[in-house]
Each structure stands twice: as structure tokens, then as C-alpha cells.
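Going in written order, the chains are labelled A, B, C and D, and every chain counts its residues from 1.
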Amino acid sequence: MAKIALGTGREATQPDCLKALIVEFICTFLFVFAGVGAAMATEKLAANALVGLFAVAMAHALVVAVMVAAGFHISGGHINPAVTLGLAVGGHITIFRSILYWIDQLLASALACILLKYLTGGMGTPIHTLASGVGYIQGVLMEVVLTFSLLFTVYATIVDPKKGSFDGLGPILTGFVVGANILAGGAFSGASMNPGAVLWACFGDRSLDRSLGLLGWAPHWWWASRVNL
Amino acid sequence: MAKIALGTGREATQPDCLKALIVEFICTFLFVFAGVGAAMATEKLAANALVGLFAVAMAHALVVAVMVAAGFHISGGHINPAVTLGLAVGGHITIFRSILYWIDQLLASALACILLKYLTGGMGTPIHTLASGVGYIQGVLMEVVLTFSLLFTVYATIVDPKKGSFDGLGPILTGFVVGANILAGGAFSGASMNPGAVLWACFGDRSLDRSLGLLGWAPHWWWASRVNL
Amino acid sequence: MAKIALGTGREATQPDCLKALIVEFICTFLFVFAGVGAAMATEKLAANALVGLFAVAMAHALVVAVMVAAGFHISGGHINPAVTLGLAVGGHITIFRSILYWIDQLLASALACILLKYLTGGMGTPIHTLASGVGYIQGVLMEVVLTFSLLFTVYATIVDPKKGSFDGLGPILTGFVVGANILAGGAFSGASMNPGAVLWACFGDRSLDRSLGLLGWAPHWWWASRVNL
Amino acid sequence: MAKIALGTGREATQPDCLKALIVEFICTFLFVFAGVGAAMATEKLAANALVGLFAVAMAHALVVAVMVAAGFHISGGHINPAVTLGLAVGGHITIFRSILYWIDQLLASALACILLKYLTGGMGTPIHTLASGVGYIQGVLMEVVLTFSLLFTVYATIVDPKKGSFDGLGPILTGFVVGANILAGGAFSGASMNPGAVLWACFGDRSLDRSLGLLGWAPHWWWASRVNL
């Protein structure tokens, strides 16, 4: 049975922790740059809504697979505060280091969004909204299901010591589930499984659904960390 | 030569059986949630029919790969009553446990569909129908071919002990074949290779083609289990 | 240096040869069923030409990966007379068995096309044509490049004994190159890298470009088998 | 700490160097043929801009994965002068051989583009341009980020000796990141991470953004080679 580990402030000065924070920053930055950039490209090219959703889903699927794999051996390649929290609940990262990771990921995400705004000539970064007919409770519940799905996949295909023959395929499968979940939930709740990716959007539009989305993650970390142990 | 195994009622009380049923439930639920959810998103965004079919096919390809891999070491990751029956015919799961799996998968599918109906503000879950010009016999035959294709892939890339260097790629290839088959058959017979995914739809619309689709699976489990032995 | 092997008539009565022919038949049949079926679905749903080309390319990419892997340990999973000839030139299959494979593949392809015609309520199987502005010599040259690309990939990622760490990924990469080549050449020369898949179409429309396409394969088998030895 | 290695002129006469140049030529030629060919097909079929961008991104993702893997054991499968330079900075290829590779890659790219022009009945090869609202500095900065992303992925998933369980997946992940980056940057800066692929376009249109794109690669090779060492 894994246990939550607190960790100590000394970790911050260890060279491997610093290196992990640099790699996590780069991976999260490149993930948000490609993912949010694709959403902005979709807006720019003014396509059919489903074509746009599909392009965004595939961009996320591809870049998540890459950045989780690229960062894996140094920082773990979480690129998502929800994943970091999910792993902390299972005892795979200390609480102290998790907090450093969250700050790191949110700074990387914010930098990527600011840079995208500048590079695209001032376009806004996309804001997730609830679709018509979808209320707050429904939006939160959908985010709970989709983020549980992501964390379940991370635990089953990356963390699980029994994964055996799937060794190495975990990051690709994690990318796949993100793609499928965006195709399923993007049109209803925004499928914002990643608070890092939407931080900048929050500054511009403190919509309830965004913060409710963040709250919605609460209960399923525990579940995801339980199922595969 | 593999033989069909009956199994006994004692299995139901074994801890590994219970654990398998929980994991199979979660995997099937998340598979149906993403697959059917994507079909509902397609309907919501009112795109060109082929764009819609493509988005649904890709969502299924991605999430099938993930959930087969995620459940593999605990429940086998069947996520589909047709796959469970196909493996029972080959003697890879007992008849008794298969029945538990079917109930489990159908409950997971129904829960996912009920939840999707609620979360999308009351949208109907999609109902597969035969295309104009496609009769009942044709619809059944097409489902027979497509489900045989799925089972053949499961046997050749996951079950087959000679698979060797493809070890671990089976779930991804199973996702791939589901995607290709939906692109090929979705516009004609609905490509409903998975009765679990359409259970809820059946309650609303007991169309003949649906039940014929279920009947259509009968002959090819035996074939699929033969070819690779 | 590999040498072309003639083989003898005795091979036909060996059990492993018969088994290989059955598996090759099934793999080719399922490949053509999904690939040509997707092309017919595209026609049925009357989408934008590029959306149609894209759906066909992805269906081929996915099903090629699956069927090459599924048949690999028994028949080699060629599913394409051009690949069989390419491997015969490199000495990886005897000429005698190649001839059996070609007949097998063409029968499987014809059966899949006849069945698709019946199952779709009499739709025609698609006929590849040269685009306006693309002459016969240009069409043949493009097919030469695209089929060389396919054979080069088969040799480099499946046949090559040095492939090492890519072990097992060959079929997926072969599917990938087929997808990319259809996206590149489908709108110009039809990207008919597979005579098996178009046999039935030839009966209905003996267009020059089709037979020229077949001729066009001549020179590059030798090249593809050279580069990686 | 890896060091830049100059190499000597003797390398050019070594048989393994000649073989590497032939394989690198073939891989680059086939990569450009499929990638640029897909862009020309998109133009020919006159689709929605996002559908076109998506088809081009996927064609590149697929063919990059294939050609990097196909060339890996002989030439390294760089298929991109930017990657060759990035590996030279990390000391993984000598400067002398890098120069031979660049000439090789540019010739292969030019030949592929000339051939495509002829085979398509005289269509122009596509020219990347900056989108409206995107200035030169912004275009260069976006190319810097996207090419850094590509090199970071090459180092982390192919070069890095710690990659362990991801062994063999590097080329596929490299294809994935190219696909995601084109989806993100294609509509703004052209996402021309590959000077080889655009050489021919430059002859027809010496636009500033093209040459600025080339300049833009300067600073990040060093960074990419640092992060994973």
C-alpha cells in the first residue's frame, strides 16, 4: 500500500530536483505551446466546429505522448498538475516536490500562453465554456469522469509495476486517452483535464465553469490510485 | 487444442475475480463514455457526415487501445461481450466468468450511457441504423465480417503465444482495427462490433438491425479462435 | 547477398504452406474489405474530396498495420502482391510460393470486393484514375516512387536483421507509410500501391493507368532489396 | 560532456559514410516527396484551410516516423539539416560529415520537389508565408520554439542513453511532435522546421520569412543538446 509522502524543504536544493523542474518546465511549456497553439490555429482558420475540435484533440494526443515520454526519465513528464496530484496521492512523489511542480507547470503554461498571444499578433488564448444545456454540476461531473480516465490510464500503463509488455507504451497511450476524451467532452464541458493549459485563460475570464472544473478533480485521484494497486 | 472451460460458481467469490470485474467495469465504462460521447459530440456540432464518422472512428480507435492495455493485466481488458465470448470459445476464459463479464460490461455500458444523457442536457445516445439500400441480411453479414476482423486481431496480436516481437502492441493494433472497421462499415451497417456500447440505445429503439447484429456474431467466434491455433 | 530462390511444387502440399495461404487470404480479405469499404463509405457520404482522401488514407494506414502484424508469424502478412514480389527478389520467399501467394491475394481481394458490392446494395468499387494534368508516364513514375517507398519501409523496418530496437514496430510503420503515400499521391495517380486491392475495379474498368500502374512496379523491387543489404 | 567533433576528409571515402549518404538521400527524398506531395494534394483538392493543414500535418507525422526509423541504423535518419546540426552540436556526428549530410539532404529535397512539379503537371511546390498579423520577429521566434521542440524530442527519445523502455519508439514520437507542431504553427509561421523540405520553394520565392526561419534555428541547438546530458 502506497502512502502519501510529505518530503522536506531540502529537496529543493538537490541537483536532481532542480534538473527535474527544468525538464518539467520545458515539457509543460512545449505541450501547452502546441496544444493551445493548435486551438488558436483552429480559430484562425475558421473551420467547421467538429473539424476544429478534431484538430485540437489530435494535436493534444500527439504532443502529450511526446512530452510525457521526453520528460519521463528526469521529471516523470507529468505536464499536468492533476497528474502530479494524482501521483502524490499514490505516494509516487512527495507533497513538497508536488508543490514545486505545480508552480513550475503553471509558470510554464502561463509563459507559453503569453508567448502565443504575442506570436499570433494578439489573438486571445481559447477559453473553455460549458455548452448550452450543460449546467455547472454536469460540467464538473464530466470533468471528473474525463480526468479520472486520464489518471486511471497513467496508473495502469505507466505507474503499475505489472505493466510488463506494455513497458514504454504508457506515454503514447496517455496521449491517446487525452485525444479520445477531448473528442468526447470537448463539445460539452471543454475537456479541460489540464489546469496548466488553461491558467492564462483564467486570468482573462474567471468563469465559474473553469474553477468548478478545478474543484471537480478532487475525488477521483484517490480512486485512480487505488484501482491499480 | 484449446477447449471450452465451464468454470464453477466458486470463482465469483475469489478476490482476483472480483478485482477483474471492477477493472473490467471501469474500462468498459470509460470506453463507452468516450466512444459514445464522441458520437454525441459529433451530433451536437452538426458536421459533414464523413467528418462525423471519422471523429467517431478515431475516438474509438484511441480509447480501445488505451482501455484494452489498461485492463490487460487484471481483467484482460475485453471491454466487449463479443470479445469475451470469442475468448470463451477458445478456452481462454471460463463460461461462468464470461457470464459475469457480460453482466458487468452491460451494466458499465448502461451506466455510461445514462450518465452521458444526463451530462449532455438530455441528448439521446446514438442509434445505429442500416443505410438505405442495405437490407437485414446484408447488415448482419457486414457485422459478421467486421466482428470477425476484430476477433482475428485479438487472437493474432494478443492471445497468440507466437506473437513475440509484437508483445505489447496488441491493444494498440486492436484499437487500429476498430477504427478502420468503423470507417469501412459505419456508413452501411453501423459497425456495432460492441453490444455493450449500444445496450442503452436498444432500450430506446429496439430496431431489428440491432438484434440481428447481435445474432450475426454467432458463427465467427469459432473461426477466429481456430485460425491462430 | 540474398539470392532469388525458385522453390518446388512440393511446397504446395506442406502443411505450413497451406496454413500460410489461409492466413494470407484472411489478412488480405480483411485489409481490402476495410480499405475499399472505407473508400465506398466516403463516396456514400459525399464529403469534400480532401476529407474523403484523408479518411481513406487513415483507414488504410490502420488496417495495413493490423493485418501485417496479424499475419506476420504465419504468412508474413504481405497482403500485397507487390510486397510478395519485392521479397521474392530479395530471396525471402521462393518464386513458387510467391505465385501461390499472388493467386491467393487476388482471390481474397476479388471476394472482398464482390462482397462489398453486395453488402452496400450494389455500389461500385472505386476506380483509381489519373488526375487532370497527370499523363500516363507521370502516373507510372509516381506509382514507382510510392511503391518503392512502401518496399523500402518493409525492408528497413521488417526484413532488415539490424532493425534491433524497432522490432515489432515494422507493421505499424508500414501502415504509416501507406497512409502518408495515399495523402501524397491519391489525388494525382490514385496511389494504388496494391494491385490486390484494385483487381475487382480492373474488371469493371480496364483503364490504362491501372495496368500502367502495375507495370510501373517493375524496376524498384530490385532497388528496395539492395539498399538494406 | 559531449564535444563537437570536426572529423576529417578521409571520412568521405569510407564505405559506411557513402552508404549512409545513400540511405540519408533516399529517406530525405521519400520524406519530402510524401510531405510536400500531401501539401500539393491539399491545394489540388481545394479544401477548407484547417482540413488542409490537418492533412499536411498528419502526412508529415506519419512519414517522419517511418523515414527516421528506416534510416536509423545506417545514416541515423536525420532527414532534416536542422537535426543534423543539432546532433553535431552535441558531438554525435562530425562537422565534416554533417556538411556532407546537408548537401545530401538538400539535393534529395530539391530532386523530390522537381519531380513532384513534373508529376503533378506543373503545380508549384508550396511556399510557406507568415500569416497576417505575424511579423518577422514573431515568425522567427515561433520557428525557434517549434524547432527546439523537435530537437528536444530527438535528444530525449532517440539520443538519450537513459531512454530505456522507450527504445525504438523515438522515431514515432519524433513524427508525433512534427505533426503537433504543424497543427500549432502551420497557420502562423508555416512551421517550416525543415529547411530541406523548403529549399525548392526558396528558389521560386526568396521571401524573408523563409531565410529568417533558417536563421531562427541558431540558438536552440545548443539548448536542446544540453537539457538531456
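Note that contacts are C-beta pairs under 8 Å (C-beta built on N, C-alpha and C of every residue); 3 or more make two chains touch, one makes a residue touch a chain.
This is a predicted model, so every value here is computed, not measured.
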Practice item. Taking all residue numbers used at the chain A/chain B interface, answer same if over half belong to both copies and different if under half do. Key: different
Check your understanding: How far, in degrees, do you have to turn chain B to put its CA atoms on top of chain C, rounded to the nearest 5?
Key -> 90
Check your understanding: How many Å are there between the centre of chain C and the centre of chain D, using C-alpha atoms for each centre?
Key -> 28
Review point. If you average the CA atoms of chain B and of chain D, how far apart do the two points sit, in angstrom?
Key: 40
**Study point:** Where chain B touches two or more other chains at once, by residue number
**Key:** 48, 51, 54, 58, 167-169, 172
**Study point:** Pairs of chains satisfying the touch condition
**Key:** A-B, A-D, B-C, C-D
Review point. In the complex of these two chains, what residues of chain C are touching chain B?
Key: 22-23, 26, 30, 33-38, 40-42, 44-48, 51-52, 54-55, 58-60, 62-63, 65-66, 69-74, 115, 118-123, 167-169, 171-172, 175
Point to revise | chain C-facing residues of chain B, complex | key: 48-51, 53-54, 58, 61, 131-135, 138, 141-142, 145, 148-149, 152-153, 156-157, 160, 162-169, 172-173, 176-177, 179-181, 183-189, 227-228
